[in-house]
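Following: one structure in C-alpha cells, then a few remarks.
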C-alpha cells in the first residue's frame, strides 16, 4: 500500500518518517516499541478474560488497559496528523482496526458491555506482520506467499472439490443416520463431514448405523489421502520458486550469462569467477 | 463425452448450442444462470432440513422448491428435444441425476415420503464441474487430474496395503479387547482401525487393555507416518507433470527445438529469441 | 525366496509348476482362484464375528468354514508333496501361516475355544501380496518399496527422535497432571503422548491443568509440523527413484549414450531416433 | 561441543579417551554399555510408575534403582576426574542432566518426596543421541538437521502466522461460544484452537452454536490445508540438500571438475571414468 508523503519540511514530516518508514534508527525503534506494546496489550486482554485473574488482578489489568488505550490513542492521532491524506488511512484496513482497538475503552463509560468489544484489539497483532515486512524475513515470507499465490488456481479447484464432497457426504449421512443419531439437519451433517474429512474427529457426533460407519470410513480414507493434493501443489510450487530464485542468483556478473549449474565455479562463457552462493 | 449435434437449422439447433455449448455469449449466460439456480436449489434443500427453518419458513421454501422443480423440468425438456439422440442423454450419468432431481417433488403428490428423496437434487451440484470445465481453470484441473491418473497404479498398491493393515489390525484388536471394551465384532474392529489409522480418532471406541493400547500406538504411528506415501506419490507426479508442461512451452518458435532450460534466452540451435514464460 | 524345483518329470512336477509358478495359464488360474478363496474365507470369519449374523446364519458360515478348511488342507498337502524340500516350506513364514489357518477348525473337536484361533486365517490375505507380485503392479510396488528401503536410515533417525519425544513428554505429563486427571502412570502418559502427537486425539485422556494444556499444545504443534519430516524424506527419495528410472529409459539404442533430456528426440551423439517414452 | 583433553599421560588420560572418545574399541564398548544402562534405568522408572508393578515388584525395582544410581555416580566421578576442566562439564547441559539423574535417590534419605524427581533421569536418554552421533547414522541425521536448519527462517514465518491465527480464532470463539459452552476464557479458546488446527480434536471442548461451528469448520479446513506449508518447506529443502550432496560426489577424481550429471560415465573435461555411485 502506497501512502503519500506530506510536505518535506516541519515536524509533521519528521513524525511521518518515524511512524510510516522503518529505514531510520528512530523509525526502527518506533516499530519495535509498537510491537512490544501491541503484544503486551493483547496479553492484558487474554489474561483479563481468565476469571480468577480478573477477580484478583482486575485493577492492575484495568490500569494497563487504560495505559495502552491512551498510548494507542496518541499513536492514532500522530498517524492522522502526520499523513497528507488522513482519510485514506482512516478507511484503510489497519486504520479501522486501529480505531476499533481504542474506542471500546471510551465507550464503556456510556454503554454497559462496550468493554466486551475490546477483544477486537487482538486484531492489532496483525500489524506485527506489516512491521516485520519492513525488517527481516522479507525474503522468506515472500517466497512462501509467492508459492501460495502461484498455486491459488490449483488450490481453488481443490477446495471446490472438497466443498462438493462435504455437501454430498453431509446430506448422505443425514439421510442414513438421521436425527436420532445426532445428524439433526444437513448443515449438521456437513459440519460432521468437515470434522471427519479434516481428521479432527471430536466425537461429539459419530455414526452409529452399519451403513453410516461404512460411509464414514470412506470419507475418512478420502480425507486421509487427499491431503496429499494441497501438499503436492504447494511443495511443487515452492521447489520451483526456490529453483527460479537460485537460477537468478547464478548469473555471471561480467557477461550476464544466466543459468549456471550449482556446481559451476567459473562462467562457462567468459570464464570469470561466479559468486558462490 | 461426445454428444451429437442435431440438424444445423431451426430453433432446436439454436437451443442445442445454448445448452450444450459454451462458446457463444448466450451459452455462457445459460451456464452461469444454471449454476446459480443449482446452488440456490441446493441451498433451499439444506435450509429446509433444519427443523427451525422448516417450521417458520416452510411455505417460502416450498414455493422455492416448486420454482426450481419447474425450471429444471423445463431445462430437462429442452435438453431432451434439442439433442438428436435423446436416449443417449437420458441414460447418461447427468441425465439420470437431472431426472432424479425433479421427480421427487411430483411423486410427493402420490406417495408420502417421496419428498425425502429430493435430497438427491444435491447431486446436481456436480454439474458445476462440467460447466467449469468449459470456462476457466481447465488447465489447472487437468494438471491435477493428470497427476492423479498417472499415480493411480502406485495409489492402488498403497490402498491395497492399507486395507490389509486395517483387516489384520481390526481382527487383532477384536481378539485383544473383545466385546466388553466396545470391539463387539471384527467389522467394528476394522471401523475402529480406520478411525485410528486416518488419525480421526472419535473416541467412541478406544482401547482399554495394556496390550490393546500398545497395538493401538503401533497403528497410530503407522498411520501418522505412511501418510507420507500418498503425499510423496502425488507430489513427485505433479512436479513431473508441471515440469513436462513447462518443457513443452520452452519450444523455439523458429526451428521447433524443444527442451531449452528455464534460464535460456535464445534458442541453442538457431539463435532466435525464445518467448519468455 | 527361492524355492527349489522337484525332479522335472511326473505329476509332482506339474503340480509344482501350477502352484509355485505363475507363468503358465494353469498357474495363473490357480493364483486367481486362490485369491478368491482366501478373500471369501476371510469374509466368512469377519461376518461370523458379528453376533446377529452368527445367530441367524451360523450354520451356513460353519459349512463355509469347513469347505475352506478342506480346500486349504488340500492346497497345503499339494504344496508339501510337490516341492523337493518340504521342510523349507513348512518353516517359511507362509508355511506357518498356511498351517495355522487350517489347524483351528480341526482342533475345535478336541479343545473348546480353539475355534477362536481361526481368526489367524485372516493373515492368509498376505499371500495376495505374493501372488500380485507375480502378476501386475510389480514395477510400481517396487518403486515404492525401493524408496522406502532407501530412506530407511533417515526414517530410523526420525523414529528414534519421536520415541525420545514421546517418553520425555509422557513422563512430563505424568508429573504435571498426575493420576487424578487420568495420567495414572508413565506408560499411560506415553500412550496419551502417542495419541496426541499423531493427532489422533481420542479424548479419553486429556489434560485439565493449565500447565498440562500448555505442554499438550506444544506436543500437538510438534506432531503437526514434524509430519513434514517423513513426508519430505519419502517424497525426495521417490522423486529421485522415479528420475533414476526415467534416466535409464532415455538411453540411445544405437550408441548406448545415456542421460538424454525428456525433450530430446534424437541421440545427441549419433543422431539416431530415441524411443519416445 | 569441544572438550579439552587432559595431559597425555597417566590413567586419567586413558579414562578420558574411553569416556569422551569413541574411536577406540574400549570407547565403543563404553558407549554401548552406557546406552544399555540408560535404557534399562529409564525402563525401571517407567515400570515403577505403574501402581500394580510398584506394589508387587517394588523391592526389585528399588534395588535396580540403587544399582543404576551407583553406576551413574561412578560414571559421573570418572567424567569429573578425567577431564582437565571439570567445571566446564559440570555446567554443560549433559553435566546438569547427569547430576540431576543421580541426586534424587540420595536426597530421598533426607527429604520425603525427593524420590519423585527421579523421573528426571529419563532425560538421560538424550545422551543416546550424543553417542549415536559418534557411530552410525551421522550422515543421515546431518542431512535432516541441515535441512531443518536451512528452512528455519521459513518455518519461523510459518509459526508466527500460526500463532496469530490461533490467538485471533481463540478470542473469536470465546466471544461466540462463551463460558456456557466450555470456552471459559481466551486461553481456553486458544487451547481449543490448537487442538482443532492441529486436527487432534479431543472433543473435551467443542462448539455448540451455529456460528461457532461455522468458524470451527473454517479453522479445521485451514489447519487441514496449511499442513502443506511446513511439509513443502522441508521437502523442497531436503531435496535440495540431497541434490547438493550428490553433486559433490560426482566430482572427477582426475581433474576435480564437479557437477557431472547422474547419467555421465566419463568426465566431460578430461575424459577419465567417473566413479559410479
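Letters A, B, C and D mark the chains as written, and numbering starts fresh at 1 in each.
Methods note: a residue touches a chain if its C-beta (ideal position, glycine included) is under 8 Å from a C-beta of that chain, and two chains touch if they have at least 3 such contacts.
As the structure is a prediction and not an experimental result, all values here were calculated from the model.
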So which has more C-beta pairs touching, A-B or B-D?
-> A-B
Over half of the contact pairs shared by residue number: find the pair among A-C, C-D or B-D that meets that against B-C.
-> C-D
Mind checking subunit A against subunit D and telling me if their interface is mostly the same residue numbers on each side, over half, or mostly different?
-> different
Would you mind pulling out the distance in Å between where the CA atoms of subunit A average out and where those of subunit B do?
-> 29
Can you give the whole-Å distance between the Cα centres of subunit B and subunit D?
-> 42
Two or more other chains in contact with one residue: find those residues in subunit B.
-> 187, 199-203, 223, 227, 231, 233, 235, 239
Residues of subunit A touching subunit C in their complex?
-> 199-203, 231, 235
State the interface residues of subunit C toward subunit B in the complex, per the touch definition above.
-> 42, 45-46, 49-51, 116, 119, 122-123, 125-126, 128-129, 132, 137, 140-141, 143-144, 147, 155, 159, 162, 187, 191, 194-195, 197-204, 223, 227, 230-231, 233-235, 237-239, 242, 261-265
Can you name the residues of subunit C that touch subunit D in the complex?
-> 153-154, 156-158, 160, 164, 167-168, 171, 174-175, 184-187, 190, 196, 199-203, 206, 210, 213, 216-217, 220-221, 223-225, 227-229, 231-233, 235-236, 239-240, 243-244, 247, 250, 258-259
